[in-house]
Amino acid sequence: MAAPVLRRPVFEIGLKGYAYGVEAVRLARAADRIAGDLGVSIVFDPQAVDIAAVARATEHLLVFAQHLDPVAPGRGVGTMLAEAVREAGADGAMLNHSERPMAFGDIGRAIERAREVGLRTLVYADSPEQAAGVAMLGPDIVLAEPPELIATSRSTAAEMRGFVERAVELVGRVDPGIIVMCSAGVQTAEDVTAMMALGVGGTGSSSGILRAADPIARMTEMITAMHTAWAELHPGPAAVTPA
Amino acid sequence: MAAPVLRRPVFEIGLKGYAYGVEAVRLARAADRIAGDLGVSIVFDPQAVDIAAVARATEHLLVFAQHLDPVAPGRGVGTMLAEAVREAGADGAMLNHSERPMAFGDIGRAIERAREVGLRTLVYADSPEQAAGVAMLGPDIVLAEPPELIATSRSTAAEMRGFVERAVELVGRVDPGIIVMCSAGVQTAEDVTAMMALGVGGTGSSSGILRAADPIARMTEMITAMHTAWAELHPGPAAVTPA
Amino acid sequence: MAAPVLRRPVFEIGLKGYAYGVEAVRLARAADRIAGDLGVSIVFDPQAVDIAAVARATEHLLVFAQHLDPVAPGRGVGTMLAEAVREAGADGAMLNHSERPMAFGDIGRAIERAREVGLRTLVYADSPEQAAGVAMLGPDIVLAEPPELIATSRSTAAEMRGFVERAVELVGRVDPGIIVMCSAGVQTAEDVTAMMALGVGGTGSSSGILRAADPIARMTEMITAMHTAWAELHPGPAAVTPA
Amino acid sequence: MAAPVLRRPVFEIGLKGYAYGVEAVRLARAADRIAGDLGVSIVFDPQAVDIAAVARATEHLLVFAQHLDPVAPGRGVGTMLAEAVREAGADGAMLNHSERPMAFGDIGRAIERAREVGLRTLVYADSPEQAAGVAMLGPDIVLAEPPELIATSRSTAAEMRGFVERAVELVGRVDPGIIVMCSAGVQTAEDVTAMMALGVGGTGSSSGILRAADPIARMTEMITAMHTAWAELHPGPAAVTPA
């Protein structure tokens, strides 16, 4: 089966530990339909134990592990091994989320390991400067957000403007092929529209969706808003990011 | 389906990052047949992404996660959540392996989280004193071994005698219901026999099996040796450990 | 110079990062006078860079490093080496504070390293069971406190009763020579008196003293309250703890 | 007293845990004389407990802490607080050595904390790309070296050529004011000469000096070799790096 295409705009649904098992698969199927209908790239990152079930149940999602360790096959109890993650059906891995910070050297080695087995990488950064710093390591996506805004509902499009525009500019100077995302404070469709207007290549949500009364309705609204905003901001055809 | 029974003697097959995916399932099926044939408890700990497939493919194995984080549902990117691990079909979790050391407070909280969702726990310790220390936290199994001997092939039954006998004694004083295991330096059936003679409630192997020319033949020999040694050392019927 | 004697009751003044440099030395001199006047053991733990100055400026204080790494001389950039800490004039080291958690194996090895160079050890624990667990490793002092109560001002003598009594009992069963302390929620002289009544061998304070309008007045009141409470609870002569 | 000037070429003497106490001060005095005689910048990084004594005993050395934590005054047991390190007399701090790896976010925050109190920073990186990544965070010095070569005696000037030249180029593109150093495999005066020829702004040694039969003779030879090589490679006057 062909791997799902990664192209702007990208929406990330961060499951964290909010949903797992049959509930994770139910949400994945709903996200998969949206990805197919709208033709947008959706990064969906379940708990490690649910990667295989989510990958089997979906066709269009980019299934990402929530973490990857910079280890080779062999020793390494309790680590997430690139080869095992790939064989389970994942398309990529997230690295360095503020809830799972990584040593800088480990980020670089984990990106190398991901590349060796054909996994994409999304790397978190706390500041525009850090976003440019991790961009030097060659990931596919950099998701920049101030850690103090994660999982909050403070409306932040305004205060985020300087942060986001600087992240987009600094990462673009390093490599314009890297997709820059920001999802800090994004909880509703309105937040998505405001965030996209700042020039990012994607956005996403975790608690905004997972703690909504109807998560599937919420994700549908948010991803539709991203799709609409992108089409208005970029009237031409969407460009496929080189693998 | 009834959970597999945990009773002495116990054999642990530590997959680490040596085997994953279809190979992990193939080894699990073979171990499952041995567990069924001999009626011994086998702890089998695959990569996180393979827990669900291994649990589905087997009936008698105690499928253990290689790690568990002391977190509750919700936030916690890249963590192993007890509820998710349980729903994926695991019977327990390993904690504090020397390749994945945990803060002492986290070990205690992870044991509590495991207990809340019905997972067993096997906790590693580096010394007899540490074995007694973790026994205070109420795990099901303590696996004591000097870290410098893990994944080596030095024959160690002789030099291990003092270490193992002291671990068995100190843990027994804390709670005689806790199973004490040691697998340091255990690579062959002969090593298993020698180790069981030291009074442990179980043993196991990782590289001894996974790097053998024929891993299934090797695990069969080793587990058979454990079963035989146990029957000779304990002529009566095996006692079921209270859950 | 003879090392200060460690005997019950013990008061710990936790400087953390509240005071350093000349201010740390000023507080140390004041604490030193109290230790000399009342004949009580005071553990005083400054920032690493201030250990030498505090040790030179005082006579009766037990100067403790806030952390010690389980390393031997040689490699180990950025670690706290036992030999260096000892030569700088420290009498001991604190281990496993909830703001600096340590892997369980590292706690054991750090206690060994401390013992080899003649440093005392005070080990933190989050629960009565963990207190007994670290007691197995042979420290001089176990300081048990629920991490959620550190640096708070919630009056907790009442809710702490069960916690403290169980910690004293469990550690006493492992080794009655180990001093059990608790300082959670202790901010005033009244808190000290209430805590001592629960049977501990010592108590202490960090933010209660360091954020008081007059830290020296506050520490004098608290240590005097401990001295008075101890004399009332233990009418006979204070026993010297064997080194 | 005026702070020692930081200008190319820079030599780093990494004490790690090899020398401490009076021996650290003895080596520092010797290094101080060399720094004064030759007018070169020497970064000298003792154990935390020895910073104050080394700073008092020397005039020309840039005394660096081996680590700094990204914390503010207040809580933070066992951390290295910027204000305390500065008041003890340090001129700077090392960050992210492979023996003390830091999360990427923490490196950025530690550099900010250092800047706030007037400390310089030297950040380690494992690869040319990581060197450029940390350069984005604005340190004074980046020390790039492959971790597998640290503390070895393999002659590496040849195999290091590509690594070093790429690090110098990539960091220079980010900010030409940042000093790029490399000391991997540098054990003798000959190694120093060969390394300087690769275009670095400085080099250094730890085990090469500390495990030499006569450490002071060895450091004198190495620093003299650096001074000579620099003068030949850069016939004009040395430029002072802006603070």
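Letters A, B, C and D mark the chains as written, and numbering starts fresh at 1 in each.
Please note the rule applied: a contact is a pair of C-beta atoms (placed from the backbone, for glycine too) under 8 Å apart; a residue touches a chain by one contact, two chains touch by 3 or more.
Because the structure is predicted, anything quoted here is derived from the model rather than measured.
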Problem - Number of steps on the shortest touching-chain route linking chain A and chain C - result: 2
Exercise for the section: Sharing over half of the contact pairs with A-D by residue number is what counts; pick that pair out of A-B, C-D or B-C. Expected result: B-C
Exercise for the section: Please name the chain that ends up farthest from chain C once chain centres are defined by their CA atoms averaged. Expected result: A
Problem - Proportion of interface numbers common to chain C and chain D (over half same, under half different) - result: same
Completion exercise
Rounded to the nearest Å, the gap separating the Cα centres of chain A and chain B is 36
Practice task
Any chance you could list the residues of chain C touching two or more other chains?
Solution key: none
Exercise for the section: Counting only chain pairs that touch, give me the topology of the graph as line, ring, star, complete or other. Expected result: ring
Exercise for the section: Could you please specify the touching residues of chain C with respect to chain D in the complex? Expected result: 14, 16-18, 20-22, 45, 47-53, 65-67, 71-81, 83-85, 87-88, 90, 94, 97, 99-100, 151, 207
Handout entry: chain B to chain C touching residues, read off their complex
Key = 96, 98, 101-109, 125-127, 129-130, 132-138, 147, 170
